[in-house]
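What follows is a set of structures for review.
Consider the two complexes below, in which chain A is the common component and chain B and chain C are the respective partners.
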Partner chain A sequence: MAMESARMRRVKKEILDCRNDKSSNISIDMIDDNPYHLKGTFFGPEETAYEGGRYDVDIVVPESYPFQPVKMKFITKVYHPNISSASGAICLDILKDAWSPVLTLKSTLISLQSLLCSPEPNDPQDAEVAKHYMTSRESFNETARYWAQIYAGAPGKGGGDASAAGKEKEAAGLSESSRAIALAGLSEEHVNKFVDMGFGFSKVVETLSRLNYRGDNAKNITNERVVEKLLE
Partner chain B sequence: MSSEGSDVDFYYDDDDEMIVDDDEGSAISEDDMDGIDTYRDDYAAQPSSSKRKIYEVEFDTLPQEAVEGLIRKDVEYISSILGVETDAASLLLRHMNWNKEKLIERYMEDSAAQSAKAGIAPVEPPPAQIPPSSSRSSSSRSVKTSSAPKRVTRRTTAESALKAKALLTPEPSVEPESFLCPICCDDSQPKTLSLVCDHKFCADCWVHHLKNKIRVEGDYSIKCMASGCTLIATDSFVTSTLAEEPESVERYKELIVRSFVAANKALKFCPYPSCTYTVSCPNAATKSALTQMVPTVHCATESHKFCFGCPIESDHRPVICGVAKMWLKKCEDDSETANWIKSNTKECSKCQSTIEKNGGCNHMTCRKCKYEFCWVCMGPWSEHGTTWYSCNRFDEASGIEARDAQARSRASLERYLHYYNRWANHEQSAKLSADMYAKTEKKMEEMQITSNLSWIEVQFAKKAADELFKCRMTLKWTYAMAYYLQKDNEKEIFEANQSDLEQAVESLTELLESPIEAEDIPVLRQKMTDKTVYVQKRSEIMLEDTAKGFLENRWRWNVNVDGFEPATVLAD
Partner chain C sequence: MADLTPLELHQMTQDLLHNSASDRPLISDSALLSVLREEYERGSGSFVQQIDFLSNIRGFTHIRRTRGDGDCFYRSLAFAWISRLLHSKNQTLDVAKAISLLDSTLPTLEAAGFEKMVYEDFHDVIVSIVRQIVVPEPSGATLSPALLLEAFQDAEVSNCIVVFLRFLTSATIKTDPDSYLPYLFDPETGDDISLTDFCNRHVEACGKEADNVQISALTRALKLNIEIAYLDGHSADGSVNFVPFQNLPESDMPNPPILLYRPGHYDILEKQP
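After this line comes the complex of A and B, so read on.
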């Protein structure tokens, strides 16, 4: 009983503290008026591919909080080696064994924010994304930026064109297939090369993603190998 | 045993998980065993050595308190040698995985670094003055270690902010009213606690934290709750804080005992669920000892039988751990495949390739060597002529020759299956007779009610069934051993013993399975008791002779076995 009220007291205080602290730009809100199921929101850190994106995180406060870590996963889709591109699951030590009861919801969200700044590709959650990150950083950043624009509402990059109108125009101008290619971090030229051979579009995108056929790494993969994989 | 010295390196090359040999490994085991020897005099639970048979190993059963006593002894020893408090000694020992020599050596080299690594002293000197009550950690100042958390970068922002906050709050003389626990956010908690790092939290939160770590995570090295603080709660801190949680304290003690036992080669925790006994068996603590005996032991609960040397089976006597393991591996790899090959294929009589006939006529052409032969008689097809496709030439000389060649090449497979089938059969029979006995028992109980037989008079079958089960297990493993034994006189004696035991076991089984009528019981009882005694005797002879053989280094293997001379005659 005492435990229960301690958890309630602490979570309430944390939400309140976060609301009063305007400087951190982090917000925590209840989902369905349940104080133990929350939504945290923060912005992508500056000078990263995630800059300008708004990221929502699903937070579940376990019964033995704060002695057990909170459960967090991204609601907003993120292209990052330590975050599952499919489920939003996060690989971060403080959410597991490095948790300490003095850590708070806010401090954990700040840690997630800094995770966006400094990926740890050697301990990946999403192996394919990590491979992309390791082999061709530039192409990775491009894809991560594109995901930020599409899913997290980040403004489009590219000089003065970075206005909301420009972004919309850009998004509208892209065909369904170009969009899929950009989301997978591939180039249209590469995809078209194999589609022209007669392979299905989605099969080509899936296979090239799996092979990490991106940037400089594409040179290391022979056409024969791709075709072999496509025929599997 | 004494001649094994030069072979030691060879053993350690093996990937066997029993030998956990780090660089300093060899030094401790001896000392630890000394400790146990002296200790055994005070605590020996069972004088198991009194009537020990040659195939039995000497061992002691230690209740948890006894192991705690051993730990206490080590802690006091370290405490007096290094001049530290017992709490610190305990943390140091745990950090060094209970290796006293290594600990003393390392501590002498750099006591401050070791204290920091063991979680006794803070890594960085705390900005606040250490209160006089914790003066013991004088070595804590000016400590610098490289054991920084792996992923600091990710949470630096949050962490440094928190650290600053956490360190600012505690003051040695905080008024209870003004203290706001950063964990439960309660300012009405009258009591605060902290380790020497002085990170204060309310007593309630400490209790929850310790309980959660011990009960949920099974952790006994519990860090201070402050983020990034590497201090570990001492035994006295844990026990005093959890004074009102005796169950958690019990679990905490058990966790420490388990870690101590795991670090000591002469000790093993009883593997049965929720059993807290430890078995001490210094004689089976080395790998070379395991080539000379099968250390079947049990804890204070007689039925908790297990092998001290391996996790393969609770009792795999008479065959030693290494050979039993080899056999099981072979069975896993080969049995199904071998059975299939045996029943579905034949070999080309020329090149011995294995051939499966998947249809068509008996005119076979080997894919590999193009040899044409008849599937039925295995003779060359050329002698069949080209007109008839059914073979009636069974006795022709060339056909016999071809079949002989095939037979030879199959012999090893046959040989393996011979042993495997008997091995598997005894296991199966053991299970069946257990089931069968359950039925008999029921019948006996009924009889006890309907006739005027007393309870004791219907117990003879139980004894027979128990003995049968035991002997079937022994027999099972004799087949594993026989498979690897080199063919010589010793093996013949071994197989003679095996055969005697097997016959005795089979006839007792038959007796046990015979229908029981109330009027026959006295006769049956006499017969069965006699037979049981005979089986017991045969089993004794079997086990004794094998055990003696190991001690006398009599057994020769047809494969290379670790700890034995290389095989001279390899299996066909």
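After this line comes the complex of A and C, so read on.
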């Protein structure tokens, strides 16, 4: 059977199908004209912290596709319990043992989009982010929204000024340290308290992050414990 | 050795299968049943007794093994089915019927929500193999037993056929939920499971074992009779239980294909002259 490989036939069709489908708002493009290395793009779902953000996903189509799952990871940084905040690696069953050849690149990207709507903190990829999500939802959402603004180009808080100039103005409004505090999901007040005791700024941010010193959970952690960790 | 516990028996079977899982061809040439017997001689007496029953009482001579990769039921069934067409006395008619049956499954796949883009390649592969029994390939060859084996040992062709049968099984279950819902449970936890989850996770996903529900759905969709011989080491008198899955009157399909089941694995049993 001298045919084009199952992988080639499938991927070609899938790219074409996605191009012709304007309704899903999902795009798939080749990276360097390589049909097996692709970039998928979708928008953050409405009424979530990711709304308005544009998310790029790196897609590698393995040789045994569609019998084995595609490899996907976020290129755009995302603050989410099932996505590594450092590497973009994704914890999702269909990318592992629940894969089936019924799934396509598009339907898998749609599953990633719905993963943004419904995190599964009990099966986390990023344990620290999952802790944040479990203990103080409001503060978690605020951090996830901030990441969406900074990394995925989501419009800022006021919602009004989404232009590049507007965003720059907003980013410029924050000092570098305030930005680092917001990205870590911490509060300026908490960080300053320990910085004022004489500990280094980045050490404080790192330690408070690890202790999940956020929102209501901060009340459960004594100053002594924080200091003990800072001295380690 | 006859008094191994069920757990030990299961472990032994798993070990035997596992040791040869990855380097074994997807499907092998037939081997004498005595070869299988030898593998159990140092282990379980009750298995040996049952293998003797298969050869001495039921007249089976060979076993054709499939790789223990979780796709073994689908691969064994597909091979046994196509092989039967290949050896049919009414080849032209039977092949025509088989192709029109495969084509007639497409509306069922659509009704179950499968996208054409997703199933058409797999459908093309299985139809072209069946067609090749009577219509030569551009290169000039019609399907021979050797070419059939070669096709099933080619991962791509073999897996396309397995996946098509998985989709067909799933679509049969999804489009007739009343017939199957009462029998569904999660094979990993034993809990209740929804029809969609069962089909998505335990039928459509590659490498997931088939059980009675999948077997009865698929044989129904292919309008096939088969029997499964259960070689489980549990028989008091050394006999082997044969369970029929019947979708045609016996007279329309005498001597149905027989699959050999050992806990967690299916192979094909054969009688060769």
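In this text, the second predicted complex is superposed on the first by the 219 of 232 C-alpha atoms of A that agree within 3 Å, B and C clash if a C-alpha of one lies under 4 Å from a C-alpha of the other, contacts with A are read in each partner's own complex, and residues count from 1 in each chain.
Keep this in mind: a residue touches a chain if its C-beta (ideal position, glycine included) is under 8 Å from a C-beta of that chain, and two chains touch if they have at least 3 such contacts.
As the structure is a computational prediction, the values presented were derived from the model and not from experiment.
Placing chain B and chain C on a common chain A by superposition gives a clash between them. Look at A:K13: by the touch rule set out above, it reaches both chain B and chain C. Touching more residues of chain A than its counterpart among chain B and chain C is B. In the superposed pair of complexes, A:L92 makes contact with chain B only, with no contact to chain C.
Once chain A of one complex is fitted onto chain A of the other, the partner contacts of A:S114 are limited to chain B, with no touch recorded for chain C. By the touch criterion defined above, A:E142 lies against neither chain B nor chain C after alignment on the C-alpha atoms of chain A. In the overlay built on the shared chain, the residue A:D126 is in contact with neither chain B nor chain C. Put simply, of the chain B stretches 9-17, 99-107, 153-161 or 279-287, the part that bumps into chain C is 279-287. Residues common to the contacts of chain A with chain B and with chain C across the two structures: 6, 9-10, 13, 64, 66-68, 98, 100-102, 104.
Those residues of chain A that touch chain C in the complex are listed here as 1, 5-6, 9-10, 13-14, 17, 64, 66-68, 97-102, 104.
Within the complex formed with chain B, the residues of chain A that make contact are 2-3, 6, 9-10, 13, 64, 66-68, 92-94, 98, 100-104, 106-108, 110-111, 113-115, 118, 120. Residues 149-151, 153-159, 161-162, 166, 182-186, 201, 204-205, 208-209, 212, 216, 223, 225-229 of chain B touch chain A in their complex. Remark: chain C residues 114-115, 117-118, 121-122, 125, 128, 137, 151, 154-157, 159-160, 163, 166-167, 200-201, 204-206 touch chain A in the complex.
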